[in-house]
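There's a structure below that I have some questions on.
Labels run A, B, C and D following the written order; every chain starts at residue 1.
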Amino acid sequence: MRVTIYNEYLHEVEAESVRRVYPDGIHAELRSAVLEHAPGAEVRVATLREPEHGLTQEVVDATDVMLWWGHKAHAEVTDAVAERVQRAVLGGMGLVVLHSGHYSKPFTRLMGTHGSLKWREADEKERLWSLQPSHPVLAGVPGSFELEQEEMYGERFDVPDPDELLMISWFQGGEVFRSLMTWRRGHGRVVYFRPGHETYPTYRNPHVRRIVANAAAYAAARFRRDESRSPETPALEPVPNPGKEHVLKP
Amino acid sequence: MRVTIYNEYLHEVEAESVRRVYPDGIHAELRSAVLEHAPGAEVRVATLREPEHGLTQEVVDATDVMLWWGHKAHAEVTDAVAERVQRAVLGGMGLVVLHSGHYSKPFTRLMGTHGSLKWREADEKERLWSLQPSHPVLAGVPGSFELEQEEMYGERFDVPDPDELLMISWFQGGEVFRSLMTWRRGHGRVVYFRPGHETYPTYRNPHVRRIVANAAAYAAARFRRDESRSPETPALEPVPNPGKEHVLKP
Amino acid sequence: MRVTIYNEYLHEVEAESVRRVYPDGIHAELRSAVLEHAPGAEVRVATLREPEHGLTQEVVDATDVMLWWGHKAHAEVTDAVAERVQRAVLGGMGLVVLHSGHYSKPFTRLMGTHGSLKWREADEKERLWSLQPSHPVLAGVPGSFELEQEEMYGERFDVPDPDELLMISWFQGGEVFRSLMTWRRGHGRVVYFRPGHETYPTYRNPHVRRIVANAAAYAAARFRRDESRSPETPALEPVPNPGKEHVLKP
Amino acid sequence: MRVTIYNEYLHEVEAESVRRVYPDGIHAELRSAVLEHAPGAEVRVATLREPEHGLTQEVVDATDVMLWWGHKAHAEVTDAVAERVQRAVLGGMGLVVLHSGHYSKPFTRLMGTHGSLKWREADEKERLWSLQPSHPVLAGVPGSFELEQEEMYGERFDVPDPDELLMISWFQGGEVFRSLMTWRRGHGRVVYFRPGHETYPTYRNPHVRRIVANAAAYAAARFRRDESRSPETPALEPVPNPGKEHVLKP
């Protein structure tokens, strides 16, 4: 499994409160989570300020599943790279969108919706409830678990109905949120997983780490195939006018 | 119900073979189909070559449901208008995408996928089978009906799994196609209905006309509301740190 | 719209704590909720201890949508009546299952699952969040509302993934629950709506009343048709051996 | 992977026309299909006329995935065994229902619907189209393939909307059918796969064999857990009245 972790990597550089939590960057913690559960994985890291955000066509082509963490600089991701990631998913690549990635370009392009939600940062408790313990993304995860402090995300989350709704969060302040969902898009699989605010050590929680790793394995590409074109196709059974010319031009 | 019919309106102007079938334009036939079943509807027409394709912000704001027929000039629809239509759907407007609209900008933006498919024009027979006769879009429509000549569209149709799969087509040449589907996106409803190639009198078929009119009524907006922003929201229950500042800047 | 309200009607007779809340029976409050929003509805009441629980074939045949409230005596509902209700739904009748009806025979037969869940009665607060404000069942209902005291139902709720997930509940004690869901079964529509414990005045809450009434209207039958049999059917196109006898007996 | 193949095993015994095609029974061909693609699988066979149809509690408990082929004697399967299989699926066991199993007791109990459809035996051609080539059940299967002669099954197939629609069949005589679908029920996964009429050598087709084996692997249990009961559960957060007694009896 070839994993590429995209991390915006600005908060950790700019804010002491974040650097204290993730001194080596959020990507380092995500990488260690993936490797803890999939020791044979090849993991690569890409960050916003690299050329093409580290997501050249070559990198994307050599990626089975991409993890995406971004927050304050979604707009700086170029449309060209966002489209490249979207097309890779449609061709079969997996995409695991984390936390504030709900507003990232690749995610909103794939969903077709705003991706908006309610939010609040108040050091409150989040408790995640599993709806499908037999699903591979929840293998080894208990029926519920708590994060002592997290940012709150509340419904209504503006996304299409998922193919699979796997977890719902309860928040201390009174909200709920669909926290773990999957959608098939083209030949690829998209997973959204809510927790992971930059000021809390969420990615060191063992259940969160397992879900991240499970999601990567679940979404990883089985093949890559470009389906952007619509081929004219000969009939398999007799038809009245097999050589008819299609009207496109006057 | 305020209906806006977008028709590309090029084939009818440019090709005698199409003008013969739809002398007043495809939009005229669609309008008469809607009015036949919803006599009180206000129906407006918009075409590609009008300023802003006839789809100004004022027109879109005053539309409960939009029908979309386009084929050879999807690329000429500006991104600004495509985004305007997309946002209107997310805010509650209905969108009924017809036939070759599978490749239109509003549809592919809302779906997030290529919208590709197989096709062939060979004057062959299409037979549509109803899967949910109790669904409002299929009210008054028999369990199956035939179109003597149509363009073939074949699977795999590159769209997200629909919320509702209502009809499947059988084609003489050996293919099948999911011909009538719905998706909720934001507060709006999208319907895709396959038949309607410009060289055949499909929109004069009574079952097709009824489905077009039913789909318009089903998808028509119940309200319009902009949900593009994510509001910070106060807690409804006590939280540890209600006044905490959110980290966004260094 | 012809509505039949089934109420077990035992708690109100047997327990003072319930009679105090619903002196005329839960069915009386449900009837008034339906009539408040659908004044023209014909509403009939059926209770467990009537012959055939008040649900004779004639009553069921004359019902467009049935509301179901039961709790302690699900087992006393005969299999014959449970099957009659199930078949009516498959034929097109609507069924709105309330609260403890999650364990009723008609519901579990239609779902195919146990319908199990976690529960607790502790006078705690429930807050329901709307996911699809543009859905007809949520017309006129705010983005969230509270019930000061309710029984808690917690996930995992053992039901099939719904066709539509419309509300999620937050509970004071820490749980979440998918509180408003719909499933199409055959030609009929099933709605499950969680609140409604017998010791709280939940069915006098204006939002709950509106949802009950909306759900009844949404699920009400459009037609009734028996689809229990599988007809042998002649070919619509030429086939090699149209008169072939089907092997069923030696 | 521990596989149990249930075969009614009457046609092969009673009808020369079937025995000629499946001299060792349909189960033998299914077993060889599974073992061809999953050489390490433990495969057991159960037939109708064995005590408890070969499906004792011990056998069911030791089964990760069950294949089900039955046709003329669904009614002879006892309710006790049907319920045992249903409960095993809800607890995590996989169930792959083949062809005429659409009317079997375990399948209709799990679906909650009639399972009815149109049919015809006329030696006609079936062509199956893949909608999701990247799905594990379709691994190694081409975009479409043909069966020269099969029984026809036509829509409307009376089942709940599937979680996953994977293949649609085209029939020479003019019908279509959703031929490969999956549903999660409880902790288990149900797969329905259409082809497999007893008078045709369908289970020797390499694509059919691969799908049968893939489906078994996909549906095989990850764990088994009884979720039939609804536990009273203590609050995780403070509630007003934690020791309150639940009203069930007068």
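Operating definition for what follows: a contact is a pair of C-beta atoms (placed from the backbone, for glycine too) under 8 Å apart; a residue touches a chain by one contact, two chains touch by 3 or more.
Please read these numbers as outputs of a predicted model, since none were measured by experiment.
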item: Any chain that touches chain C and chain B; value: A, D
item: Turn needed to bring chain C onto chain D - CA fit, degrees, nearest 5; value: 180
item: Shared interface numbering between chain C and chain A [over half = same, under half = different]; value: same
item: Pair exhibiting more inter-chain C-beta contacts, B-D or A-B; value: A-B
item: Centroid spacing, where centroids are CA-atom means, of chain A and chain B in whole angstrom; value: 28
item: Between chain B and chain D, centroid-to-centroid distance (C-alpha), Å; value: 36
item: Interface hub residues of chain C, defined as touching at least two other chains; value: 127, 132-133, 154, 156, 161, 163-164, 172, 174-175, 184, 236-237
item: Of chain A, residues touching chain C in the complex; value: 127, 129-133, 143, 154-157, 161, 164-165, 168-171, 174-176, 178
item: Residue ranges of chain D touching chain A (in the complex, touch as defined); value: 92, 127, 132-134, 136, 139, 163-164, 172, 184, 187-188, 221-223, 225, 236-237
item: Interface residues, chain C side, partner chain D - complex; value: 11, 14-15, 17-18, 71-72, 86, 90, 103, 109-114, 116-124, 149, 151-152, 154, 156, 158, 160-161, 163, 172-175, 183-186, 198-199, 227-242, 244-250
